[in-house]
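Shared between the two complexes below is chain A, which has chain B as its partner in the first and chain C in the second.
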Partner chain A sequence: MIADRVRKFFVIGFVIVFFSYLFGPLLLMSVSAFNSSAFPRVSPFECFTVEWFAVLAQDATLMEGLRNSLFIGFGVVLIAVPMGLAGALMLTQVNPRVRPWYYTVVISPILIPGVVLGISTLVFWDRLGTMFGASYDSIFYDGIFLTIVGQSTFIAAYAMLVFISRLQRFDTAQEEAALDLGATNVQAFRKVLLPFLKPAIGSAAVLAFLASFENYNTTVFTIVSESTLTTVLASKVRYGINPSISALAVVIVVLTLVGAVFYEILQRREAAAAKASEAVARGETATRAQQAALYADPAVIIALLVFIAGFGTVYFAGTLGVDECKVAVKEEKQRLARERTKMRQSLEMFKGAAPGVQTAPATTAPKVRAKGTEGYENVFAPSNLEETVDSDSPAQQKQQEQPEEKVESPGKSQFQNIFDPANLQQQSGSGGTN
Partner chain B sequence: MNPSLALQRFFLKNGMALGIFLLVAVAFWMFILIILPQLFMVDFSLSKNLPPAEIGGPKDVLTFEHYKFMLYGSAKEAGSFNTVDLGVFMRTLLAAFFVTIFDLVLCYPIAYYLAQVAHGGWGRLMVLSLIVPFWVNEILRAFAFRIMFGSAGVINTFLIWAGILDQPYDFIPNNVALYAGLGYAFILLMIFPLYNAIESLDKNQIEAARDMGASWLRIHWRVVIPFAKPGISSGCTMVFMLTAGALAAPQILGGPSSLWFTQIIYQWFNTGGNWPRGSAYAIILLVSTILIVLLVMKIFKVKLGEIAK
Partner chain C sequence: MSADVELNDVWIKFGDFVAARDVNITIEGGEFFSFLGPSGCGKTTLLRAVSGFLEPSQGTIKIGGQNMAGIGPNKRPTALIFQNLALFPLMAVWENIAFALEVRGMGKAARRKKADELLELIALPGQGDKLVHELSGGQKQRVAIARALAAEPEVLLLDEPLSALDLKLRQHMRTELRAIQQRVGITFIYITHDQGEALTMSDQVAVMREGIIEQVGDGNNIYDHPATSFVASFVGENNLFRGRITGIDGDYAMVDTNVGPLKARMTKTNGEVPLKFNDDAFVFVRPESLKFANGVNYENTVRARIAHQEFEGHFWQVYLDVAQAEKRISMSLVNDGQELGHETGSEVTLGFTPDLAVALPEGPLAAGE
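Up next is the complex of A and B:
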């Protein structure tokens, strides 16, 4: 008995450790999205803020990547899902001796590293383009087209797997009955098989879209000079980051959770019927099916609680206390910030208005780096620096008069000046009174 | 069987429109998307790195120079091995191997627990919650590890607060963050095949073994693991292939002085400007990972057909 209990303790402990490994990083990243610190971090947690979501929405390169990603995702769905469907239907009809070979070929893109797929697609279309003497702005060199094609190569295999598992449950007698009753082949396909495959088409489409949306390894080669959300993200993460990326992660996690709950509800509806018939077949599973129906709710309940708690916190923290907290933190840092400002000012005088800050990025892959820094260019722009230096002394005076007014360290206020319109008004307004 | 007869029968069965759709879609997928690009890549890797104008000209001859370069480096220092690239290559494969083992050890108990022990709403909730991190972007997942392992990250802060460390430990240059992130990235491709395999095991078999007095360890060794072997091998295959071919995690979490083999390939395509050599390296990666998988499968006596299920 004691041994049993010890074992149970270890099992539960292991489950907890595993799930914290799974969710800990995502949780911490989400927390860092609400920290007002300009660098994505959890500790020290300065102030609760939602400003990074605004920064995110203003990021033009990211938004362009997002647009491309959505477009590519729809293109991949349109190509990969029909191909996967055809592949699965073909598998049921192909000669049994050829079948293993056929299956190996169409399933292989799942196992081939994405990097290799991207390279082979790029090389293939490049060579075709050279053969036909196509110009560089033709379709053979178009990043969006290449990415759709390259991703479809393996995403069609995912779709095919979805269709195969659905087809395994198809009773061919239905189709034969339709044919016996005088339906043509096309009619039998459209009226019997296609309706049966409809849920699978839906889930294959969702799967294809998501797989396309989050793909990086293939895309990074096929995208050429365009950008997608993942390539923009990758260059941002590598060459300069602020918590707006965490904010994006929060958005994605929340969307995923919503999708998962939605999927769960749909699945349960579908599974209810299947389980009922299964329960008849196997006496033992009947109790399990009932149990599942009884306990069914923790998933939904917990997800709902998380949403409510999350949105509640964001709402309240967004309305109260952000500015006050920031002032408190900033006052603590005030002396340090002032010293830094002084140093920078003397540096400015020394160097002129040269943007000396822009030395951070590494030296590899200059093409990508240019893309990555684009979003931050205005932050480090010389004109901005001047602006901060100018506004610095009024800000200090202001702080003596009205303590709740926001006073930022120089690096910080640049971000806010740019991205938060309200802030801009506040500062220029109070500047006027001075 | 006569091919034209088979084709006739095929069209009779499917009708003209559907038959053409099936043939065209499958042919496009198999040849234009899968087979021809791979063949073109092989051909390309055997050609010289020439400016576009000279392609197809007299200088465009077959050559093994890119494969030789991988082995021996540039022609100047003939006789010595290309230690940099070979070292990175071996390190990548070795690390991928250990990441695979790590994932297997981590996932097996969980898969067993979810498939055989947990049931009802909580079991479903846990299975469902496994999916959530999987749909979060690979780059964002790596980014999360960077936040955790950075020198001002949570782990360092905690270790210093707990008095274990005096000053921040650099997890990133020492590749701790990289291995943790890689293990994390493909964990779900390990757990789902395991889960599917173990779930189809009849509980009575475990009960029977227990009734006969088998110890807990022996039940797993003699009953569960042999039964789950196809799931284990397909999970390991996927994790190994994907880890060896990972690009995002090494780019984001790798230390400045350590490279992943895919990063070298990436460099040949971008800054290096030598596409044929990049293709040759990609083929080396592809062929060697496939060979390793086949070898390991041979050792453990798993058939390819079982994995594909």
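Up next is the complex of A and C:
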């Protein structure tokens, strides 16, 4: 009895831990996309806002990277899918004794680190360009082209795996039957094998696109002077981020979810159709209940509810009281800052001599933070503290007001400069003590 | 149009394994020719060589007098009905049937019309728009036949097309196949390991064992005049007595067997009897050839004890133990309304004439004999 309960407890505990591990980061990131705070974070949650989506849309470099990523993705699909198909077909044709060797060779791009593929692609095409005496604006040095080619080397191998698993289920007698009935090899391929491979072509295309879209290791070398979404994101993380990145994550998550739901619906529809036609073959008629089952799937319903709830919240929050909230937050911050300044001034007056000042803020700061008051982190960033200590109050005042103005207008691009790398490090340092 | 098919000295090897060994067969145009043999004896392999999916390692295959070496399956005047049918699952029934026409570039309306005609022929009118998986096993079988016929082959090759069907449907399809063959008048080469099927449908039967053609002949010939011990034991039921030749008398052999001396007819090959004095020999007697002696003076007699008897309606099946014989023997007696006249356990004398027994050189037997 007790053992049962203990086991149940551990199972539930494990499930919770597992799912938080899986979805926790995504969830936090998604929430931070709606926080007006200038740094992507969940707590303190200042104001609900959708402005970061606007920031995202206005971010020219990011959009340029996104466009390139999409273009490269399609390019990779066009190259890698036929290549993977050819590789898989070849595997069925080669002598069984050579087959393991062939397989190892064509699969090896997956095992080779992406970095190596990137560098080798770059070097190879550079050599080739030099050989032909091509100029630097020729295709041999075009980042987009090189990235498509470089990514295709290993994505084609992924696509090939998809095709191989489908081909394993192909009854080769069908191809022979086609030939026997007078079809040429091309006709047998087009009319019999290709229709059979159609679902695999779809899967391989999606897989290839996604693999290309999220690739960084190879791309960072082959992209040369251009940019893709991943390289832009990487450089952003290096030079300071804001929640528009979270907003991008939300967009991607939502698109993925929509895609998954659509795929699920399609699958179910196909399965239901197959079942219905089988039923017809047995002389039954397709019942309404069978069709209703399609829409009653819990996963689909949950996903739909999440969408509706999500968009509803965004809509209402977007129309109601964002500005009021921000004003309130700003006023609260200013009030706190003023209080603190006053407190410090009185402390300074009280203590009088300089040696004592060094320790004073350090003792007060944790207390204030411990109360969980909002909007403190920026103000209490170590750099702020140092300056406060070293300089006089006017400079200190200025320093404190700066971040608050930024909060007010996350849409302005000059904002990003505030998060220079040094700042970021200090932020995380102070967060760690929380 | 029908064409004759000729296999001359055909050998087929897979590495060291020999799947067909020196096969020599001539099949007349318009004939219903069957290959009969146990599983794995090389029937499918031979058929694939005829349809062009593999080249013989040695020897020639001629169709309509033309050597087929180097001619691919899509250029041969043959159509093959696969052992597993190999219908196209993603196409409708009529598209399956019209596939051969489609690859020839025939227009859609004409194809549909031809497919509908063939659907009539196979007694599936109006079923053209179904998908293959919506058909029953027997219907699929018929669609496969129609698909092959649509190619208008001169030779139709059928690889155990009825093996997946239940007994009733199989019998029905047998008559139907035979009727179709007579209607279209083309050469049928039919593979089966069901001897009933081979004997009832075929003009000629070739019995195969381990890549070797043991005997070619019509059903009667194969059944009554087996050329080898394998054919005798594989085709139909047969009782076997082992022995040694003590004398030859024209077409008859005296054999000293473990149940006593027996006299049996020999099957001549090329006008020669296959046995001589002191050869090891088998004597085969069919169950329906054995009779209770009941005082009649038979040239061959065997003492036996009735072990078991079954009433099968139109005949009696009686199983008997013979001293010195390693296997129980069986006899079947036509039910003529009379009592059998012998109790289980009683000692009886069985008799048969030399013409109803066959003496053959000792050799391989069918599995289970």
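Throughout what follows, the second predicted complex is superposed on the first by the 302 of 434 C-alpha atoms of A that agree within 3 Å, B and C clash if a C-alpha of one lies under 4 Å from a C-alpha of the other, contacts with A are read in each partner's own complex, and residues count from 1 in each chain.
One rule holds in what follows: a contact is a pair of C-beta atoms (placed from the backbone, for glycine too) under 8 Å apart; a residue touches a chain by one contact, two chains touch by 3 or more.
Everything numeric here is computed off the predicted structure, so don't read it as measured data.
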item: Contacts of A:Leu181 with chain B and chain C, given as first, second, both or neither; value: second
item: Chain B versus chain C as contact partner of A:Phe74, first or second or both or neither; value: neither
item: Touched partner set for A:Arg238, first chain B, second chain C, both or neither; value: first
item: Most chain A residues touched (candidates chain B, chain C); value: B
item: Contacts of A:Lys191 with chain B and chain C, given as first, second, both or neither; value: second
item: Touched partner set for A:Tyr141, first chain B, second chain C, both or neither; value: neither
item: Touched partner set for A:Asp171, first chain B, second chain C, both or neither; value: second
item: Intersection of chain A interface sets (partners chain B, chain C); value: 184
item: Partner chain B, residues of chain A touching it in the complex; value: 7, 11, 14-15, 18-19, 21-26, 28-29, 32, 39-43, 82-83, 85-87, 89-90, 93, 95, 100, 103-117, 119-124, 126-127, 130, 149, 152-153, 156, 184-186, 189, 210, 214, 216-217, 220-221, 229-230, 233-234, 237-238, 241, 245-246, 248-249, 252-253, 256-257, 259-260, 264, 288, 291-292, 294-299, 302, 362, 364-368
item: Contact footprint of chain A on chain B as seen in their complex; value: 1, 6, 10, 12-15, 17-18, 21-22, 25-26, 28-30, 33-38, 40-41, 44, 52, 55-56, 106, 109-110, 113, 117, 119-122, 124-126, 128-133, 135-148, 150, 152-154, 157, 184, 187, 216, 237-238, 241-242, 244-248, 251-252, 256, 262, 265-267, 269-271, 275, 278-279, 282-283, 285-286, 289-290, 304-305, 308
item: Residue ranges of chain C in contact with chain A within the complex; value: 51-53, 72-74, 78-80, 82, 84, 86-88, 90, 99-100, 102-104, 130-131, 133-135, 147-148, 150-151
item: Contact footprint of chain C on chain A as seen in their complex; value: 171, 173-174, 176-184, 187, 191-192, 195-196, 277-278, 280-281
